[in-house]
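Have a look at the structure that comes next, please.
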Amino acid sequence: MTDALPAVKDALRTQAVETPSWAYGNSGTRFKVFAQPGVPRTPREKLDDAAKVHEFTGVTPTVSLHIPWDRVEDYAALAAYAGERGLKLGAINSNTFQDDDYRLGSICHPDAKVRRKALDHLLECVDIMDATGSRDLKLWFADGTNYPGQDDIRARQDRLAEALSAVYGRLGDEQRMLLEYKFFEPAFYTTDVPDWGTAYAHCLTLGQKARVVVDTGHHAPGTNIEFIVATLLRAGKLGAFDFNSRFYADDDLMAGAADPFQLFRIMCEVIRGGGFTPDTAFMLDQCHNIEAKIPAVIRSVMNVQEATAKALLVDREALAAAQRSGDVLEANAVLMDAYNTDVRPLLAEVREDQGLDPDPVAAYHRSGWARKIADERVGGQQAGWGA
Amino acid sequence: MTDALPAVKDALRTQAVETPSWAYGNSGTRFKVFAQPGVPRTPREKLDDAAKVHEFTGVTPTVSLHIPWDRVEDYAALAAYAGERGLKLGAINSNTFQDDDYRLGSICHPDAKVRRKALDHLLECVDIMDATGSRDLKLWFADGTNYPGQDDIRARQDRLAEALSAVYGRLGDEQRMLLEYKFFEPAFYTTDVPDWGTAYAHCLTLGQKARVVVDTGHHAPGTNIEFIVATLLRAGKLGAFDFNSRFYADDDLMAGAADPFQLFRIMCEVIRGGGFTPDTAFMLDQCHNIEAKIPAVIRSVMNVQEATAKALLVDREALAAAQRSGDVLEANAVLMDAYNTDVRPLLAEVREDQGLDPDPVAAYHRSGWARKIADERVGGQQAGWGA
Amino acid sequence: MTDALPAVKDALRTQAVETPSWAYGNSGTRFKVFAQPGVPRTPREKLDDAAKVHEFTGVTPTVSLHIPWDRVEDYAALAAYAGERGLKLGAINSNTFQDDDYRLGSICHPDAKVRRKALDHLLECVDIMDATGSRDLKLWFADGTNYPGQDDIRARQDRLAEALSAVYGRLGDEQRMLLEYKFFEPAFYTTDVPDWGTAYAHCLTLGQKARVVVDTGHHAPGTNIEFIVATLLRAGKLGAFDFNSRFYADDDLMAGAADPFQLFRIMCEVIRGGGFTPDTAFMLDQCHNIEAKIPAVIRSVMNVQEATAKALLVDREALAAAQRSGDVLEANAVLMDAYNTDVRPLLAEVREDQGLDPDPVAAYHRSGWARKIADERVGGQQAGWGA
Amino acid sequence: MTDALPAVKDALRTQAVETPSWAYGNSGTRFKVFAQPGVPRTPREKLDDAAKVHEFTGVTPTVSLHIPWDRVEDYAALAAYAGERGLKLGAINSNTFQDDDYRLGSICHPDAKVRRKALDHLLECVDIMDATGSRDLKLWFADGTNYPGQDDIRARQDRLAEALSAVYGRLGDEQRMLLEYKFFEPAFYTTDVPDWGTAYAHCLTLGQKARVVVDTGHHAPGTNIEFIVATLLRAGKLGAFDFNSRFYADDDLMAGAADPFQLFRIMCEVIRGGGFTPDTAFMLDQCHNIEAKIPAVIRSVMNVQEATAKALLVDREALAAAQRSGDVLEANAVLMDAYNTDVRPLLAEVREDQGLDPDPVAAYHRSGWARKIADERVGGQQAGWGA
């Protein structure tokens, strides 16, 4: 592996992970949202926190926005604010699930008026992209049904296709639509985009600018996610990742926390399939319900980096040779050899080469930022999913 | 089956299903709580709604309370209010998951002060039972951890045992402790009472007054719930059911809505195991996030009744004979013969014999109650999980 | 519903369920195959048994073959033998998983020689279709890997596509290729066609004659199968069903035995989506490991009929009205009203109208066939998965 | 961690992993058993292979037997044969699932004659233990049902309890009964010992010599196995592990291959709970269906060693401090710090200290044993699950 190290380091230096504005705000379960001191109250304060993560990790130059949670009057000004902190605004995430009108769905709702309202919101998100210079519109729909018979499964697909088509038509030449699927929740019987196959089929119909988002927490138990990644890359339809981890359902734990080996396997397929380029957006999408938010984001970013480093270290020639010869154990051993490597020293070097502290978490804690925001962000309404 | 009909009808007439006060209030997912018109604002209004359900079904004479959601100054007065409406107050449900102190757990929390606070709440619940005349204290703990290493699994069990023991010691002679288990949520790595085995082991240590609650939505995918029911009845440790249904996780859909055959099989084991007595509390515990709440409760009660009727219709002698002879297909056929029977006419008869409308849902809709509460319950704070 | 009854009866009379030759032979788990008396020893004896099922049910006019388990010298003669018994030969099922060469896969194997061998077998199956007059080639591949790294996920997709394309090119104008997917087993890490999305993507590339097979036991836990059915029908890509049922994995229990409500929901989508035509092949594919095989097939056929009858009874207008108005409970109630109907009397009438015994299982038992085959089929090698 | 290293090395030197005789023989799925060259034909040849594993790893001094697969005339002679190769005979595994009589169960069968036959087999296994000097009788029962109604769930529990009690009474003072549970397979509706709770409840009734076996592949999806380990250790009821790994069901892949982080967490609880002693039997129980068997066993042993080494490296004081202070991220970080360590150099040192090759797999390959057995073990019947 030694010969490969310079190339591996180069690759690690180019890595970019997008952090979501909402990870800095409050989140929780249906049972309780536990507030934390210092949580941002405005989109600008979220960007301040995101800038800290980028300051210490060096690999998180962009921030996803969520509309309406990050609604502001002047998006260009927000983009400029980000720019002053070394950040760019990333994907625009739509929200068609928190208005009372959306009780039975948004763009799949049986009532055309509700569908129109939801579509207008999606189109507004493209307007915002124009203002922020964002490339990606990320669409996740909570649409679905809770009871058999509640609505017509197929008619809802027709409505979905119609709305997606209208949004697609509105995209600029350099803009993309990223369609996310989810196994279940908040709908408990059918979900209108429940799996990669459904997202893929719609994206195929829409055209080149439509791509699938893989959220690592949105699958049925036991689903082989890296297989989906390989398949989507083969089809030229992988657009982005929403990284997070889970033991059960959509737990939204820190990326790499529940199954680091799975994250490694996913990154192996990304690299194998030519997906380790800016064409694939690597995003975090997770909730820090009980842990401190900023260091949890830093930790997640580091987990992604470590999985990437290990995946880059796989001896591809030895692997291919073992695969060709049908040597099951040797092929597995080649992969595991990379996984079992402790890449933390390597990543520390990469950071030091870039003038960063080798230990981003420790550096963050030393920075005093946590105390500062706890002291200063007093009063007002803390940001959260509902705000 | 004809000969058995009178006995079946008698049994159905004795059936009692407890409805939970919180099913009448608002509920939702972490994404959104959709408010509904006419939702109760006080415990008394919840009892008013529960009384309507009892009026039309005739089988829901008791109502579970949830503390603090149903906290009142004078519980004896609340019990009297219920009594005037033909109801009794049922199980007292504790809540140790909605205070900021409980971010890392309640009676399993690493900090003794938090544990003490949680224990005091549990003891207060027994005080309330004394006032309401409730037999059962129902304990569900959201306690658990989200990340490997977060806390010591075993030490948490020790803390759990200590608190349960203290509560158990406080119970009166006629009072019982019902311990509920849950696979996951809101904790996403470990849950301190995750399965029936853990609940059973604690109840065994505590003594005769401690029993296990089976919530039908609280199991790993594929778990055979009727097996657990049979096992707990064999051990004399089944205390209660929390009925609801699910396709995925703890979806809390209407009982019998997702898998009516499973509900039937559960009731078969209840009857087979001698559990169809007042010793077992048959409760609903579900959320009506998108559907009208009172008719959803009525529908759930009817689903339980239908499953019970079918289970009562099983030709036990024919079943035993087929089982003894190892005739797999015949034994299965005997069971399915009961399941495939349309028991709605039978239940309509039972209702008419009791002077009830044979169609409780239609009768409720005709009653005008929905409009009345929508008109009258204006202003104030609608009841919900957080209130 | 009364007005709809004649149409429902007409529809039920046109229903056809294909039974698989291998359901009459021995099957088991990896732990043990329990032999049964009277099991067929030859393809002709399997057809004899299938003819009995058709004699008593009236709705199983075709039989799927599995090559090489049903290999004969003269397929035209076998077709004629079937014809004399009122049967036709149905889908031809390939087998590329029981030769030692297939340890690491068949058409996805890293070695081109093994791929060629597997492809030749598939082409041979089309030759057999020419001889039997079968319309459908049903392809299920056990291909996959057991360990991360074992083989290249994407390269295997390329090999898969290449072989499928070669087979597709060989199909006659009236012939179709049905591609089956399976979540896992016998491969335990990746499966090369693991989900409907993968099967769909390949069929789309191949063309109009390629369709997806939905085996009801081949999904991840919790998967909403009727959603997939609706989606495939919408895309014109549903080719066939392999009916069976499961509580856990690919248990291959009798259709409708584990979750009759699910089977009903599936048939509802079939009818809703225009799939209740000869264009969709309704097949059984299950194992009778511990129960008597012929009556188990009869029972399964009856379960499919009952689910179909209930689905036909759904009041489509009332359902659509409730869906349009967003009345969740009423829409669900309309569906459940059909499901809760006891359709056995209706099916008994349909059978009597056709001159059949209203109770096929009882008629079979009275026929003496079970004893006859137990007496006569002595010596020789009982048919099974390996023969 | 440096100060702890000598103690860690000492602990690693004391580790013992028992290998199962059947891992050296053929295995497969219900679809196909792929034979491999050089597979043992007799129990003695299996011991020869096991001795090779011990020669190169130094930590597998005992071998589990499976009766009747390892039936010999003279067990004392077999034990002597093992002794000459530096091995001891370990747990005796019963088999009550491969006789035609066991189609509907063994000790839970409705027919007393079959139950008696099964019980006699179990008692014979204790006789064999007397002859081999084995401490542990490992009981796994395939008993269960495939269809609702097939047999009486509770009556089967009574029969189970009766048989276990009879066997328990036959145990010598130094002998133990290890009761294994399994979620499903080969039974597909109920399994008579489906979960740790059932096994625990029976062991509790039986007494001190009865302990629970945790097979890491025998749980429902998502089950937290380390929680069960912690719970059983707290109750003094953990007897043994059957290590293997899985992505889906009971895949029986190499230990540590599917989720190495899970294996680490399990070993953390073992050590935390005082279970890292000879009182807990650490066994492999897996199938090498497509990979070479002996090196697969070696690899599995090494995976267990690596997980153990990492678990031993956890800084317990730092962990406890972080847990006490409620620092979620720091507590998790302490655990992950150990997990992310590359322990292969440490284990290489431990091996070299013991005079072993630091790379057991390479040493095995250099030894020529694979070629030798392929050349010599010609003719005869290869050992497998059915022999």
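As written, the chain order gives the labels A, B, C and D, with residue 1 at the start of each chain.
FYI, a residue touches a chain if its C-beta (ideal position, glycine included) is under 8 Å from a C-beta of that chain, and two chains touch if they have at least 3 such contacts.
Because the structure is a prediction, the values reported are computed rather than measured.
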Pair with more cross-chain C-beta pairs in contact, given C-D and B-D: B-D
Roughly how far is chain B from chain D, centre to centre by C-alpha average, rounded to an integer in Å? 39
Averaging over Cα atoms per chain, report the distance between chain C and chain D in Å. 38
Enumerate the residues of chain A that touch no fewer than two other chains. 104, 146-148, 183-184, 189, 221-222, 224, 247-248, 257, 261, 290-291, 328-329, 332-333
Taking chains as nodes and touches as edges, what kind of graph is this: line, ring, star, complete or other? complete
Touching residues on chain B, where the partner in the complex is chain C: 221-222, 224, 247-248, 257, 259-261, 290-292, 295-296, 299, 306, 328-329, 332-333, 339-342, 344, 361
Interface with chain D, chain C side, in the complex: residues 27-32, 34-35, 97-98, 100, 102-104, 142, 146-148, 183-186, 188-189, 221, 246-249, 251, 253-254, 257-258, 289-291, 385
Interfacial residue positions of chain A with respect to chain C in the complex: 104, 110-111, 146-154, 157-158, 183-184, 189-191, 194-198, 200-201, 204, 219-224, 226-227, 230-231, 233-235, 261, 265, 269, 272-273, 319-320, 322-324, 326, 328-329, 331-336
